[in-house]
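Take a look at the structures listed below.
Both of the next two complexes hold subunit A, though its partner changes from subunit B to subunit C.
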Partner chain A sequence: MRANATLLLIAPTVGLLVGFLVIPYLNMVVMSFRTPSTSQVFAPGYTFANYLKAIFDPDFYYLRVLRDTMALGVTTTAICLVLGYPVAYHLARTPSRFKSILYAFILSPLLVGVVVRCYGWMIILGNNDGLINNILRDLGLIQTPIQLMYNTFGVSVGLVHIFLPFMILPILGAIQSIDPALEEAAQSLGATRLKTIFRVVFPLSLPGVQAGSVLVFVLTISAYVTPILLGGFKVVIMPTLVIQQLLDAMLWPFGAALAFILSFSGAVVVYLYFMATSWFMKGIR
Partner chain B sequence: MARLAVKDLSKRFGEVVAVDGIDLEIEERELVSLLGPSGCGKTTTLRCIAGFETPTAGRILFDGADILGLPPEARNIGMVFQNYALFPHMTVTQNLAFGLEMRRVPKAEMAARIARVLETVQLEGYGERYPRQLSGGQQQRIALGRALVIEPRVLLLDEPLANLDAKLREEMRFFVRSLQKRVGITTVYVTHDQAEAMVISDRIAVMFQGGIHQIGTPTEIYMRPVSREVANFIGLSNFIEARVRGRDEGGAYVLESALGEIRSAHLDSLREGEAVTLIVRPEAIVLLKDKPDRVGANAISGRVKERYFLGNITGYRIACAGDAVLQVQGEPWAAFAIGDPIWCRFDADKTWIIGD
Partner chain C sequence: MRAAAVLRKRLGRGLYLGLVGFVYAFLLLPLVIVVLASLNAGEYLTFPPEGFSLRWYVSFFNSDPFIDSLVFSLWLAFLCMIIATLLGSMVALYVVRFARKWRDQLRLFILMPLLLPEILTAIALLFFYYRIETVLGGLGLEGVGGAFHKTFLGLLIGHVLVTLPFVFLGLSASLYNFDLSLEEAARSLGADKYTTFRRITLPIVKPGIIAGALLSFIISFDLFNISLLLKATGIVTLPIQLFDYVRFEFDPTAAAVSTVSIVITVIAIVLTEKLVGLRSLRF
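Up next is the complex of A and B:
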């Protein structure tokens, strides 16, 4: 009787996931094996040609783009971790009244739509007329403008800005569940605040770090709008190529193959990450 | 080992005064308990000594030097927490090594000290276990070992045995005391359990509402409490309101009370006509069927109101004149039934008087 009630409760969500996630995903995988065609979405028959093209041709181009995408994912995650951890720690441990204001600041990037956000950054980072370039030029520190946009730097700034909350909030939750007495114990034994954070708080907050890192990583490697607006077509990453193949070239099978390669590679990286960090998490359960 | 002095220490949290100007001097190698009910300020005081709270006023001195400017990690203290606070992601050995690593003790010496401490707390061979694999008592012993292995100047314990079950708590009391004596470390022990404080302390500081009411040896606190609260908190007490009538030939004070005439061999001087409170402990009262005729002893008549069996003693509540109820401890096998008329006898020198 109870089992039936549980099934009934989760049925809608499972239905949603299966209908709108699993089935389309499988459909995409099937699509990636179909024969491409220029006159219609796909031609009859199945083939491995899409994958062979994606991997080898021309000159391993797509693999290099994949590498750049993964690299962007890793660097964005790393920057978010370095910037986000101190914020999460402070928010978790501070007794100040400004907590809610800080919360609001952290969530603010999510309140604005992606296009508006990117335009905001374009105003600041603009290569010829941007705020930063203007200030530096007026101060006489530079003669020629610095390239802050339409490159990996600009894209990274935009991505870190939007994904920082996704790193901060899981870490915040993890730190809040750590008994403050543990930090006091470490201090009573002679550890400074900083040593306490490195030796006691950080290891115990690893589950939160893991969750935040994976979240930021998968969001980064599938980001589309931000890299296009802030990177122009100078920064080429997999999501851009996938959309190109699907919408511009109308080569659905090939686009599907690229999409599957992207998601598979992402899954591999996440898996390796979990393997590596689980080794550190032996004592915590 | 350090002498610890607390001078006029106060701590407020906004409107609330947690600690209200307390003075305390602890000698080297001495174990002093801070004893009191929840909210009396004993834990706040301990945390001020440790450095986790900053006092609003007052000074704290280790060997005469003011330590208030130092953060906790620089005070060279060892602290044991109520929930042990063992690092869950480290083995027992790593937990013990933590403080030594912070002091940059060379590896060989570290290993030797850890081995010695494991032997001291009787947990040899447990080095590779994780805290979650240890029982409560074992965790507490490791917590104790971790605080001692760094050889601090002062040991601070915050209700360390509160999370253990009753039997284990009793055993651990003796363990903690003998360990403290052996190492000879100056210790401050916070507890709300008066039996615990009596067993382990050289001296007890009884605290209520942010202040120390009395500091003394367990015997002094029990036999000669200075206030009603102290007498009430330590053991059971009978309080009898009385007025001083005079002294008799033997030098004992004669007092007039609702229960009749009472003699007390109280030492301090009392004025005639003074209103006082007389304290008699339940175990000092003997129950008799017939009126006692011992010279110099007090005899109060009453009726058995309640009786309860505690195993090693039987407790009685005796209804006496004027709504007064005397609590008495009797032998477990004595048979006084409820409703029986009874005589309570207690000697004059088993009483204690506190002024009102």
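Up next is the complex of A and C:
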């Protein structure tokens, strides 16, 4: 009786998740094997043609877009790690009175919509009348504007900005759980600060690094707004291609197949990364 | 030699603090720029700015599409917050207090919308809503079938799915830290189950609930991919309206809209900080 009554607590949510998450995903798998049609969403019958079309395109167009997407994911993750780690370390160890304000600085960009943040970068990077080009022109440093937007550079700046907090927060948590006495011990035994960080703090914070990297990578390869706004139509990556297939070309089965190819490739990269980092983390478990 | 070592140490520290400062500036720059651009009289932001003006705000408040979208987004985020908070709290209570055998699996299952890329969930729901409409429509059940495809209800369900895990995380964290002996003490002093829940349990977990609720509001208010693919006929949310605008227009009306959206977020953050402290937010 009691057990049955408590089940009422989860029944609505489990129902919601099964009905509007599990079944829709299964339906999407089925969709990717449907026969494409030009006059309706799909024709009767099932086929592998959507996957074959994506993989064996004569120019390997889709595979090249996939490669660009993965490359963008890896570089964005690497830049976020290099920029984010020192900030996480600083925030974890600072005795500053302004600690909670600094924490809010990291959180707040995360809580402002992605369109707003990309728009901010559009004002700054704008190719003709952007802030940077205006300043450089007023200073007489350039005659013709530099192209900062509608290319991979602009997209990378936007992506790093948008996903940096997702790198900082897990690393921050990992560093906070390391006993500062370990660092003091290393230094009293003669290690320099830099050596302490590389030999003591960094290895111990690897779980945070791992979590942050996977988050940033997965978010980057499924980003849509930033590549469209800061890349114009010049930077084509998988999510923009998939949405284009769905909304403009109305090729739903093919779009679904592309989405699964993207997810599968992303999962492979994440798996390899887990294997590689777990090998380094063996010592701290 | 010694002086060189000291100098190198200073230089290293300077570089480190410089990098940290640079990253903070980098994180805040676009937000500051958007606010400046919305208050700038000129079409483009130059340095120094061309003077203070509220003309872009006037243009925003005179634009029906933007105002309609703003009201629509606030209403959607509010409803989403209520539903997600209710469902998320119930589930967190069950998982922490009552679940036995399947606790970890259940936890993972509820976090699934967070672990799956939002854009995939949006695509899956788009296909699914369309499928219900055609299949049930074919059976003569157009009323039920058409309830989700391009409707407010369909959009709302998408928003609830994505925000629910945040409420769940916030509340289950505060429930795990809950000292059960407090409830036992209340019971042994004669309080009945209901009184114990209302006077002891609820006040202690309230920060977790409030933080989760405000977070779900903010996330729903800013949600993009779900809103793009599941948009209801006739009206779109503010982020979509803004997206369509800045793709083709460059006038700073968009900056005024963005600033208002930033202000709404800041209000929610300040509210969280005042009520429960920012640290109660969980990601």
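Everything below uses one rule, namely that the second predicted complex is superposed on the first by the 263 of 285 C-alpha atoms of A that agree within 3 Å, B and C clash if a C-alpha of one lies under 4 Å from a C-alpha of the other, contacts with A are read in each partner's own complex, and residues count from 1 in each chain.
Simple rule for what comes next: a residue touches a chain if its C-beta (ideal position, glycine included) is under 8 Å from a C-beta of that chain, and two chains touch if they have at least 3 such contacts.
In this text the structure is predicted, and so the values were computed from the model without any measurement.
With both complexes brought onto subunit A, simultaneous placement of subunit B and subunit C is permitted, the two fitting side by side without a clash.
In the superposed model, A:248 lies in contact with neither subunit B nor subunit C. By the document's definition of touching, of the two partners only subunit C reaches A:222; subunit B does not.
The wider contact with subunit A, measured as residues touched, comes from C rather than the other of subunit B and subunit C. Contacts of A:204 after superposition: subunit B is touched, whereas subunit C is not reached.
Touch criterion met: A:86 reaches subunit C, while subunit B stays clear of it.
Legend: residue contacts after superposition of the two complexes on their common chain; A:59 is shown touching neither subunit B nor subunit C. Within the superposed three-chain model, A:117 lies in touch with subunit C and out of touch with subunit B [touch as defined at top].
Look at A:181: by the touch rule set out above, it reaches subunit B but stays clear of subunit C. Put simply, the nearest alpha carbons of subunit B and subunit C end up 9 Å apart when the two models share chain A.
Across the complex, subunit A meets subunit C through its residues 3, 6-7, 9-10, 12-14, 16-17, 20-21, 23-25, 27-28, 31, 41, 83-84, 86-87, 90, 100, 102-124, 126, 129-131, 134-135, 138, 161, 164-166, 169, 193-194, 218-219, 222, 224-225, 228-229, 239, 242-243, 246-247, 252, 255-256, 259, 263.
Every residue of subunit A that touches subunit B in the complex is listed here, in rising order: 179, 181-182, 184-192, 195, 199-200, 203-204, 281-285.
Taken in their complex, subunit B has these residues touching subunit A: 50-52, 71-73, 76-79, 81, 83, 85-91, 98-99, 102-103, 130, 132, 146-147, 150, 156.
The touching residues of subunit C, when paired with subunit A in their complex, are 9, 12, 16-17, 19-20, 23-24, 26-31, 33-34, 37, 43-47, 87-88, 90-91, 93-95, 97-98, 106, 109-110, 112-113, 116-121, 123-128, 130-131, 157-158, 160-161, 164, 218, 221-222, 224-225, 228-229, 239, 242-243, 246-247, 250, 254-255, 258, 261-262, 265-266, 268-269, 273, 278-279, 281, 283.
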